[in-house]
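Right after this note come the structures.
There are two complexes below, and they share chain A, which is joined by chain B in the first and by chain C in the second.
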Partner chain A sequence: MSGPVRFWPQASAIARRDLDRERRSSEVVWITIPFGAVALLLIPLAIGTNEKLLRDIGPGMFWVVVLLFGVLTSVRRTSVETPAQRDAVALLGIDPAAEFTGKAMALTVMLIGFELLVGAAAVALYDIDLTGWPWLLLVIPLVAVGLAELGTLSGSIATSVNAGPALIPFLVAPLAIPLLLGATQGIEAIHQGEGIVSWMLLMAIVVLALAVAGVLTARPLQETR
Partner chain B sequence: MTDAASRRSFPRWLDIVAVLGVAAALGFALLTPAERTQGTPARMLYLHVPSIWLAYVAFVVTLAGSVAYLATRRMHWDHLAVSSAEIGVVFTGIAIVDGMIWAKPIWGVYWTWDARLTLTAVMFFVYLGYLALRRTIPDPPARAGRAAILGIVGAFQIPLVHFSVMWWRTLHQPPTLLRPDDMQIDGPLLAALWIGVAAFTVLYVALMRHRMELARIELVSYGEAIATVGPVAGDAVAAPEVTAGRSGL
Partner chain C sequence: MPSATPLVDLHGIAARIGVTPILRDVDLTLGPGESIGLIGANGAGKTTLLRIVATLLRPSAGTGTVLGADLTGPDRYDVRHRIGLIGHVPALYPELTLTENLAFAARVCGIDPSRSQDALEVVGLAAAAGRRAGESSHGMQRRVEFARALLLEPELLLLDEPHTALDPAAVELVAHVVDGVRKRGGAVVVAAHDAARVAPLVSSTAEVKGGSLR
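What follows is the complex of A and B.
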């Protein structure tokens, strides 16, 4: 069977495996999402509970929480995988690029769930202005895909490393800046009556570049495990 | 001159040229007429621009070394990448700090949330992450392979930092040397700036020679350490002999 024909079934199988694992453990639902909501509660306690201030900074705080706590999801995905499981996947002949894609797909689904539930909490707690909300239908998946690709790539780089759980957030956070900028500045541009397209383009380019980097480097990374 | 002798003498001459070059650049920086509007604080330009130039060069070389390592799997390219990344991080740090010192009398603050400043700080942390990753992986080939990928992904920051002053309306001035259109700087100031850039480039080459040699020695010592490992627990235990056709069950 040719490569491209097997690629998507393999990627789907990997994605299903990761989602099944999450369904059984419910770590994102019961730990990461509540943790993100707690962070949203802590911020006003630290900077003050002025309603106008919170309304102004609410969207930015939401995206920072998504970035920092979303990374925890990819850290967890990496740390639960044992070397034996990785070896088994390699010995089964799974295409490393399909493995990267499948993991990123599963992580995207989890991050979209995280964004929606924590986003609902942010709207309720900060009384966020939802002007231009249809654009969120594009912004939320773009951020999720970008973070998932970055998390999966960094997870592969830091696989089997003792300091991996500490290292992954450090690798992801600076590289995720274009996503954070695109999400926050795009929504701000709508509120200012300016165009959002250039910010969406920036995010789309980052997502595409990360996808290419993830797929092209999957095999060399597998060889270094 | 033998190869070994030339290898010994070349860095020594290069070191001398680098030190003299940097001293000359600093001399020109102090002797060049003061800039009309900013006055003496603008002399920071002669340290700031060469530092960030050197950082750009260093990170581009890291990118090249990373790509070459993945293509050839020769450790020499990994040595090139890591040596250059270390020097790049140091000089990015210098550029950030001297930029902050320059900013205080001109902008009134050490730090402002300007696109160029913020992205330079981000670039600094990306490559600090690259060095942190390397410290966590003891096995040289595994370390080289994974670091090479981060070295490639991290390079996306370089054009972002450089062109940020053109893409966003920022407080930071546009590029002085590497700008696509004409340069707007007076002759003597430009000459002093070019001398600084040239001197820092020679300094970079000299530092690279030393750091790459150190990386080679590290690799050799790692190999020797692995080869001279004494007996470990379990060495005395032999695998059970299995004879065909017989089973204990």
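What follows is the complex of A and C.
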């Protein structure tokens, strides 16, 4: 019989499992990314070819699509997990906080991939002004981590109250507003020549608060399933 | 009654789902090297009792310890990795191969993942190691679950209808796994509806009927 394994090896094993499952099922690559790209493509068709308008709303549209994608992926991750699999994970002695962290890590990787691919489509379609683009190297991962934490936490809550994935959008959408505001207003602030630090700080605080909430509630949520 | 410290020691256990009573006043004691068969019809409460013994379900009444941990106390989390549960629904990840499923379990338990291949060989699935679980038959998935039990070596093994979907050759495998746990000083609980199939595996049997153990 083995002894207890530390937090990070368990978290990385969970992340590896989820990424392997995604690699095999390719749901994000073949379903969600095309869906996101199509959503960005349809918007100009709906509102016409007003280039200035498209350039103005482009970043906002992109972040809204990223938010919707985060919800969709979280819903999928929760609905594919069976009660038998959850029991098996509990009996492997996995620390629920490590499980939360590992799931959020895997979701973060998927979301960053989505943001980069769909972001490239958004730049091409909307002719987005990339002034201050180096800040995106910080904004993109922060949004991905925050949405991943939020999606994972919402999935655990939905499972614990036996509500199923239908509850997840209602949990994620309002709590994602600070992330959405931070990303859109931060980029806007750069274009206006204003400081972005306060918006980055807002996102960082949200990410930290979600991490703390996810870790602290992991055990109680697992036990009420 | 076993003389050594019991691995399972339950007293007056009751369970209900909503307002429906599932178990009432169940006592169960199991010492090292012992095994018991819980025999009963569908809906008798066997699976609920197994989940309580596995610490996955809190009883609505009663007290007890499992592997020395209080059934409802926080120390039960610390013994879970010493409990193996093979339910009647396979708990594998369909997108992962048979080896990857075992390697994941090994990794989170601090066991060398390369031992997964050895475990698959014992259950006769070495040639199918690279096949995805979702593309494997129910019987093969059951064998993988027994391979996981061989790999993780639980001190307390709980089997729910272990013969479901297994061919006659695999039935010997169940006996092999049960014997292994008992020889290591562990205990085994087998829940089934067919007493004749369970009898060779266990040292005693009890009937589960109407939520009570007789």
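Here, the second predicted complex is superposed on the first by the 216 of 225 C-alpha atoms of A that agree within 3 Å, B and C clash if a C-alpha of one lies under 4 Å from a C-alpha of the other, contacts with A are read in each partner's own complex, and residues count from 1 in each chain.
By definition in this document, contacts are C-beta pairs under 8 Å (C-beta built on N, C-alpha and C of every residue); 3 or more make two chains touch, one makes a residue touch a chain.
Being a predicted model, the structure only gives us computed values, none of them experimental.
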Which partner does A:170 contact after superposing on A: first (chain B), second (chain C), both, neither? first
Which holds for A:21: it touches chain B only (first), chain C only (second), both, or neither? second
Considering only the touch criterion stated at the top, classify A:221 as touching first (chain B), second (chain C), both, or neither. first
Answer with first, second, both or neither: which of chain B and chain C does A:178 touch in the superposed model? first
In the superposed arrangement, which partner chain does A:131 touch: chain B (first), chain C (second), both, or neither? neither
Between chain B (first) and chain C (second), which, if any, makes contact with A:88: first, second, both or neither? second
Touching partner for A:50 - first (chain B), second (chain C), both, neither: neither
Contacts of chain A common to chain B and chain C in the A-superposed view none
Touching residues (chain side chain C, partner chain A) in the complex: 51, 54, 56, 77-78, 80-85, 87, 89-93, 95-96, 100, 104-105, 107-111, 132, 152-155
Contacts from chain A onto chain C in the complex sit at residues 1-5, 9-10, 13-14, 16-17, 20-21, 24-25, 82, 84-85, 87-88, 90-94, 219
Of all residues in chain A, which touch chain B in the complex? 153, 157-158, 161-164, 167, 170-171, 173-175, 177-178, 209-210, 213, 217, 220-221, 223-225
Which residues of chain B touch chain A once you look at their complex with the stated criterion? 70, 119, 122-123, 125-126, 129, 132-133, 136-137, 141-142, 145-146, 148-150, 152-154, 156-157, 160
